[in-house]
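Can you read through this structure? Questions will come right after.
Letters are used for the chains, namely A, B, C, D, E and F, taken in the order the chains are written, and counting of residues starts over at 1 for each.
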């Protein structure tokens, strides 16, 4: 276990291992997303009350899920980097941040596009929406802080602290916003209650969900590899690569 | 060293006293800096009634929220002056070298900062709240809420200040880091003020604010200590 | 020496350029930092619906106030870091030794601060104003108002910053000097914004803001130069 | 296999390696200081004296190697019990310009739990007529003297001084020298960096750091 | 009644009196510096060297007496035409920690309308491998070298240096010495204060300031 | 087929959502691979220089 941990923390080993792992996530992701899209757009029957608009769920929900998953993963990586002074963990966190931010933005975008036909407006002050917006700012704050330092080590560790502080706050923010939402229930939003999702609606969602997750991991790995090279530019093993 | 451990609590007390004395002295000799947040607070509270000219009852509905926003934004203003001077003149190094935990030191410094900015702000609130149409009899509740809230704001803000202390231009970055974290305090505080205004006792908000204060006061020092160490390295 | 005097205006230009470059460099090490004002603005605007109420029509009424509060905060934040660091690291001495007038130098520094905080904010105003229900056709008027207003805020704030640099200058001058000028800017600015919102041309507010800008821009350099000299002597 | 005759080293540096940015400033550095020993860090500007002193003090972490203080070995952050017995003075005086020397030093002392009165030392440093003057109004040398005055009244056994003689006049240097001598004769150790020749009566074991501009 | 043979003094100090707080640091001080002349201010800590230099530079006003720069006599603030030809470097390096040396110096040069390229001097100071490194990351000596590097590329005829050798290593000091020598041989003057012995080949007329601790 | 594209009147919403999503997915992949290629190319040239 410990040796494995140590190996993982050696850049060359990680670079090679990630390279080997990559296809095992990339191709399944491609397949699953393709199947899920087909299932969601073609096979799944229209919702009895939302009609075909509900098909947006197949991109919206996975994005929303990944936006949360991504932040937690980032925070965990950052924490490991701080505690065990593991450079690669910071690399991972930095690889995840923009990815997670992009999925957060996607959840917001698809969500508000969905909201237009459902609620007649692009934006309502719904709890999940608001907290998603705040989550986006947590991501952006992390990225901005990380870039603000001219010394990379400092930037990594500082933004790692921020990520940990943030992850403690995410549930609190979500709860408080929920609570706030119950007070200011906008009249426009009537049916955010989920329509009963039947099995033939559900399986494409699950497939999509899995596919998005695989995709997320694959891209994160690739970004991490690139950044590893970037950082180890001077070192011997990188020299041998080229 | 055993002795050191044995008398640790005594030392903590003496240290806290010394730090507070120092910060209050400095604040007193540069009272101007402490005034900025207050001025901002007053101005924010003034804009809405004076400029927007809504009918009083409308204003009264907004009063609690506006008070809380004003308090939040005001407590952001003096923040980049919390650790930066100590960082520049080498005092922060000495604090990091103390055998006593840096987190504790940071905590005491935040307390000092709050005493010179947050507390006056709360003290000033009645002058603003009443014109906004806030019933005088429920002022004490409001002040109590703000007392807790500004403390949390200071703690959160201090984390941001510690993270950006070694950056030259932390200007607009600091609020971006802090505001998302401050949202829960804002929500519960404003709601509490609302309830107080309607004359009922905001037990829920009080619990939540207390809970948030607890978290901020227990985890904040760790974050601050880590951030400061990183900035010094 | 004649040469020096003869080419004074040329030098003024080059100096201004160099100073601005320095301040912009310090503020924006990377182009990505240019995003901070956007996030800052959105966060500040987001805080209101959370604290007050998300009802669209309420927000519409608050809009002018919100925009001006954000502008004020942006121009005040980080201002206490405008002269103090230069004072501590000796750069201020060098500026005072320049053959060019210190007041001019201070003015350029303020301009730099405004370019990195006030201006981006004004440029971004539509991002917030439109969702808040601000009519697109009256945006230009709003931007013009904010342009003037943020300039005045930066100037006034800079005077305050110059005053607090020195140990001797009593910070108590601050409210006496700044508030009477800043409050009208805020009030008239917001009032003007509201008028623009209702579609009529805010000539009154414009005159007022222009007048205040004149005062601030003419009185500012003298006040700053004086305060800074005192702090150096 | 040390004999009883020679006391144990208070400070031991073992195969230390320090990187800054892309440059390896120090590597494979080992030395130790026994009670009463003075270590003089020499080297051109930018050779890593300050970086080394900051590592020894515990302000930054070495990239490799270990530091032992008072018999305890640290590969990571220096522990509190060691920090309690060290005093560090860097290039900066760590004085608040708004406070006078006594106020400043009391605040600094509290950080390390020192409680001895500093005024005698300030008088010894010839600053008796500067009481109550804000540090901002002191001359560079006076500030330096003041900053150093908290060392002799501390209960520390190790001093880390980064160019203590900067902007001190002749008898200022002599004064600091005799403070250091007193520490050494009391069985303490000191590590200092300076570009000036060591003043009498100090004798030191010199550590030469490789040169970078 | 000066003869044509000896050139006119660039700097003349006439019965200068300087008070700080309620202490009279300097009174009745008169001296002058002709082209090629170096003035060395000596005196214990707190004797008023910095205060005097700041008066000469025009940062603070003398309480009595007059200062003549380049033939013009000032009893109040030093005029712009004189400031244009003087460069002052105090105890502080006046470097922004966020910028690298070149950026810093360009900004400082602009204040005096200097436009010559500083990089050659930075290289001469052995800082060529420090380009692009923020000043905060430089060593004390590197910062000092950098701060001094803007002097030789300026078009000034008078330098006022307050302890220029602080935290410089041996060849750093030699470098500054030869920069000063170059200025003098070009008919300029320099007034400097230092507690260290003057490096070769500099010869100076010494001004002893009365002692206060 | 047409009525598949029509999405029961919600075409604009559904297709913009899926379009947006896939655009972002592809962009992420492109960015990752591009940065990896770029650094590799830099290394090549560096290696060339060093030899």
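Note that in this section a residue touches a chain if its C-beta (ideal position, glycine included) is under 8 Å from a C-beta of that chain, and two chains touch if they have at least 3 such contacts.
These numbers come from a predicted model, not from an experiment.
With steps allowed only between chains in touch, the distance from subunit A over to subunit B comes to 1.
For the pair subunit D and subunit E, the fraction of shared interface numbers is greater than half, so the two copies use mostly the same residues to meet.
The leading chain pair by number of C-beta pairs in contact is B-C. Note on subunit B versus subunit C: their Cα superposition corresponds to a rotation of 175 degrees, in steps of 5. Set against the C-alpha centre of subunit A, every other chain centre is closer than that of E. Separating the centre of subunit C from that of subunit F, both taken as means of CA atoms, is a distance of 41 Å.
Our note on geometry: subunit B versus subunit E, Cα centroid distance of 45 Å, whole angstroms.
Centre to centre, using the average C-alpha position, subunit C and subunit E are separated by 36 Å.
Residues of subunit C in contact with at least two other chains: 26, 29, 33, 36, 39, 43, 46, 50, 53, 85, 89, 167. In subunit D, 21, 91, 97-98 are the positions where the chain touches two or more neighbouring chains simultaneously. Counting only residues that touch two or more partner chains, subunit A has 134, 137, 140-141, 144, 148, 150-151, 177, 180. Subunit E makes touch with subunit C in their complex at residues 57-61, 70, 80-81, 83-86, 88, 90-99, 103, 106-113, 115. Residues 1, 4-5, 7, 11, 14-15, 17-19, 21-22, 25-26, 29, 85, 89-91, 93-100, 105, 232-233 of subunit C touch subunit E in their complex.
The residues of subunit B lying in touch with subunit A in their complex are 159, 163-164, 166-167, 170, 173, 176-177, 179-181, 183-184, 187-188, 191, 208, 212, 215, 219, 223, 226-227, 230-231, 233. Across the complex, subunit C meets subunit A through its residues 29-30, 32-33, 35-36, 39, 42-43, 46, 49-50, 53-55, 131.
Taken in their complex, subunit A has these residues touching subunit C: 123, 125, 130, 133-134, 137, 140-141, 143-144, 147-148, 150, 177, 180, 184, 186.
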